[in-house]
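Each in structure tokens, the structures are laid out below.
One chain, subunit A, links the two complexes that follow: it is found with subunit B in the first and with subunit C in the second.
Here is the complex of A and B:
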């Protein structure tokens, strides 16, 4: 009897001890996801889960393959991140349990993905084979395969369960309308020609209205008004481009998210140490600001009052802050070697900066410019806060 | 020895049993908060916690006092809601454990509250005594008391840890800058006179730049450019108001959130069955759309392509949808008696509508207008989705 009771006691003790020591976030601890984020550790195929208000790391999630060029999107509840790796990996990460929920390798060489506005579909664009694949966001089952016969770039989501993407080889933009696919119907594809020579990247404005394509094969950009019944390419920024200069396409500016700064968009110039200001209504150029080097990213603080700019190697240890009203540089500092990516807290009071070669993410107050903290990270690159779940095109 | 062991065993068994039966959401189940929301049950002092993607109720939280006129804001992590009740109650609700975390009764008669951009401070404005009180968001300790000598209205948050509010009796707007208060310093108050006769409500634009005050005692509105070094009142919409008509102030249109629809703001006309369109850059009127009745709320779908309008009693069983491009009414339907409040999912694919006298919240697809579901709710009024945590002025 005594040994029986002692055995039971020991079992209960073990069970209780296990319940009490189970890693937090998996069980036993309530989690709110509104101020979490993921930092890509580009050399190690891992993600750091971070907490914005704690300014701390919560976990490292490993096993995501080649993250040398990575983006990710969030499910509407912010529970899952869908990570698009260069090696064609599509990984669904559960940030509440801090585990990989599912992973598929869906193509040879891929860059870029998006999630539909209702969170039901995840799309990935591929260089090889050229095209877009669309997956059920819950199961990662393939729902649609859209071959394009071309290296496919500039994939974004648009309201109404649509995806928009463009073709490097053919200069076309396609709109894939998936809204009728609940009943098993095929996507309805609208093909738009004449978008220009060698589209290399694209963006959609925050309201989901305007899709802008950057061109490598000619100067100028093309825009589509997605609110039109039959969108047609219009020319914007006719002089914008590399001119006659031979340069590799990866040196062309990223078009990710022209954030609104006041009544203008701001973007890096090509081959000039400047940022351009562009009227947000009609896209004509309204001014330029001279900068420290060739800008890589020009990102507006969420209220649009400032624009934070980083620069191409070898000047990538420096950040400049430009005031939207005066168009002047109001602050300059050197966080460290290879300050490659910036992400603002959703209401803009802090900015987090990946300083790759210092193996740190550094955190600054955007009003006082004071450094607030830093987080250790192995070769950090992209930083993605969960507030992106609520935005079109991110 | 045996009784000692048995006692220990019983204690362990009780402990384990309690751990296993603790209500889900409080312990044992991980929660993502990105697509949750709270519905005010105005007659019963309770809130319904809802899940957008499940289209279901997760819990009812009771004991919030007088919620006949209620607003709430969220902490940046979306874990807490701060509920501002008409009876002066300030209740901090933990939506992960689904409990009231803390509650104070901070004034006699109060309406309106806000949370600072960094989530550290919660402000509440009061009719009695007139003024604003500011609380630590974590503990609800009083941090600052700003008496105004007037019924205080139009309280909003602004970037840089500021609060802006106006005075019915004196026609002033004050900006309370709390950014220096980390070290115990007092708020820095900027007093702006000449905002007009009897300000009754105000709003701040989504970028936190422009504060617009509605007037009861005269026609027209006043705006402040908060990006100016010394903001001064400027006139906007000079004809907007009740004219000579005697009407109670509660019939004046709510100014909550002029959402951007394309390049314009849209708002209810006063004493006309119309909505007004207003240029978002210079605030001049650009057009009017005739509507079913006197609009109460005119709310843009997040992408700005549509505006959904509800109406004053006795026409409050009807909703109209206006297309931003054509300015025409494109859809009209009757969800039921007293369709009083509308809330869009953050990316706009659904709208949730409180139909108070049907005791339901009804859910519609904003592209097809199909009804997707409904939720039982007791006298529902305001609906607040957690995505508001990431926005200025909401």
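Here is the complex of A and C:
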């Protein structure tokens, strides 16, 4: 009898615990987050929690403010997402309880963020007032404030508890080393001048070694070797558009996704309807592929065998797929009006594409190009699978 | 109906900015999302300057329309002349000057 009562109490206790921990989750089941993701609904300030394996929506999380041009990063345990809103809002979302865990408005106007390699610090880059703020990932308390006097872009995490970011107005790149931060310790800043005119975005390679800055104000890009003791700007594709007619840019390209095939990577050109192939060791050009329009994203399938490209307004209804070996366009299709963002499943068998003006996320097989399904979403833009938690620069 | 609209526009050349009703919804969408990718969906600015009424009230619609059509050389503001007519640009200029009320 006694053991029966104990068992009953244990069951009750378990039930209560479960209810507290998973108020909207399944009955008593742990929530695995490894195949989940979040879709930004830019016009309504909400996120859709999606299940990649089920190709289904699990929940909608609301109240995140202005989500135009929003990105997010994940905590190492893939439970929390840190959402960087256009309005300066930094929101910590718990995807297990499907609720906002914390939210601060940390600036007037922000552009992106990153999480440190140890998962303890979250950094946000801001346009207004220009600079980077670094927060405790647990509490969202401010840890460091780094004014730069410029619109600040291309913020990434680098190994060794560092953040790297660049200045649109001054053409500098700064490395903020947070490895020594104890109570009251200050970030150690390394300033690199002469990166070029109007850096608009940057990427860091998956091994954390190379930081490449795209330049709007000149014909070329620059890179830093973060393994060097004193990194110096190195030319990437200087004069890549020389002698060609420049075209207006109706949407700034993004550099976040990048392709590596052997020792090459691929980047969207600015003012030209091309993607550019670059030798990753010495940064000389190895080829270029003519594309349908001004590329916005040129993103490699995780194995690097294909590069998927979308385009700026008004040609943003089209996607092209480029074969990495031949550098030829092997597939072109129109998912619908305003195909803004592509996200691969971690091993690359599927790609999810947000089609903003169709209010859908479309899902395709990357080998057969067959459409596998679709999900309703209100003005969807960014799609972020939780596997990003374990990748440098994402 | 189309010919009527055209006649109406011809009859009113000094003001400009008249467009068919369906076009207005398209332009509003363009301002929100495509201009919004640099200027912010709430028009409070981003890479581009703020376009709230307070920020642009000192410009006349002709100036704004000219900026939209020809861009601002040396900045990221592109010329939209390839995609927008002069009437489109004038409509957008007036729409922005009117502020957030639809």
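Definition applied: the second predicted complex is superposed on the first by the 350 of 394 C-alpha atoms of A that agree within 3 Å, B and C clash if a C-alpha of one lies under 4 Å from a C-alpha of the other, contacts with A are read in each partner's own complex, and residues count from 1 in each chain.
Going forward, contacts are C-beta pairs under 8 Å (C-beta built on N, C-alpha and C of every residue); 3 or more make two chains touch, one makes a residue touch a chain.
These numbers come from a predicted model, not from an experiment.
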Winner on subunit A touched-residue count between subunit B and subunit C: chain B
Note to self: After the superposition on A, what does A:34 contact: first (subunit B), second (subunit C), both or neither?
What the structure shows: first
- Task: Name the contact category of A:338: first (subunit B only), second (subunit C only), both, or neither.
- Result: second
Practice item. Go through the superposed model and pick first if A:285 touches only subunit B, second if only subunit C, both, or neither. Key: neither
### Message
Looking at A:198, would you say it contacts subunit B, subunit C, both, or neither? Reply first, second, both or neither.
### Response
second
TODO: Kindly classify A:86 by the partners it touches after superposition: subunit B alone (first), subunit C alone (second), both, or neither?
DONE: second
Practice item. Report for A:76: first if it touches subunit B alone, second if subunit C alone, otherwise both or neither. Key: first
| query | Which partner does A:314 reach: the first (subunit B), the second (subunit C), both, or neither? | reply | second
Touching A:256, do we find subunit B (first), subunit C (second), both, or neither? neither
Within their complex, subunit B touches subunit A through residues 1-2, 5-6, 8-9, 12-13, 15-16, 19, 25-28, 30-36, 51-53, 74-79, 95-97, 117-119, 159-161, 179, 207-209, 227, 260, 262-263, 281, 302-305, 325, 345-350, 367-368, 386-387, 389-392
Listed in rising order, the residues of subunit A that touch subunit C in the complex are 42-43, 66, 68-69, 86-87, 108-109, 111, 127-128, 151, 168, 198, 200, 216, 248-252, 313-314, 338, 356-357, 379
Seen from subunit C, its contact residues with subunit A in the complex are 29-30, 32-34, 36-38, 40-42, 44-47, 71, 76, 78-80, 82-83
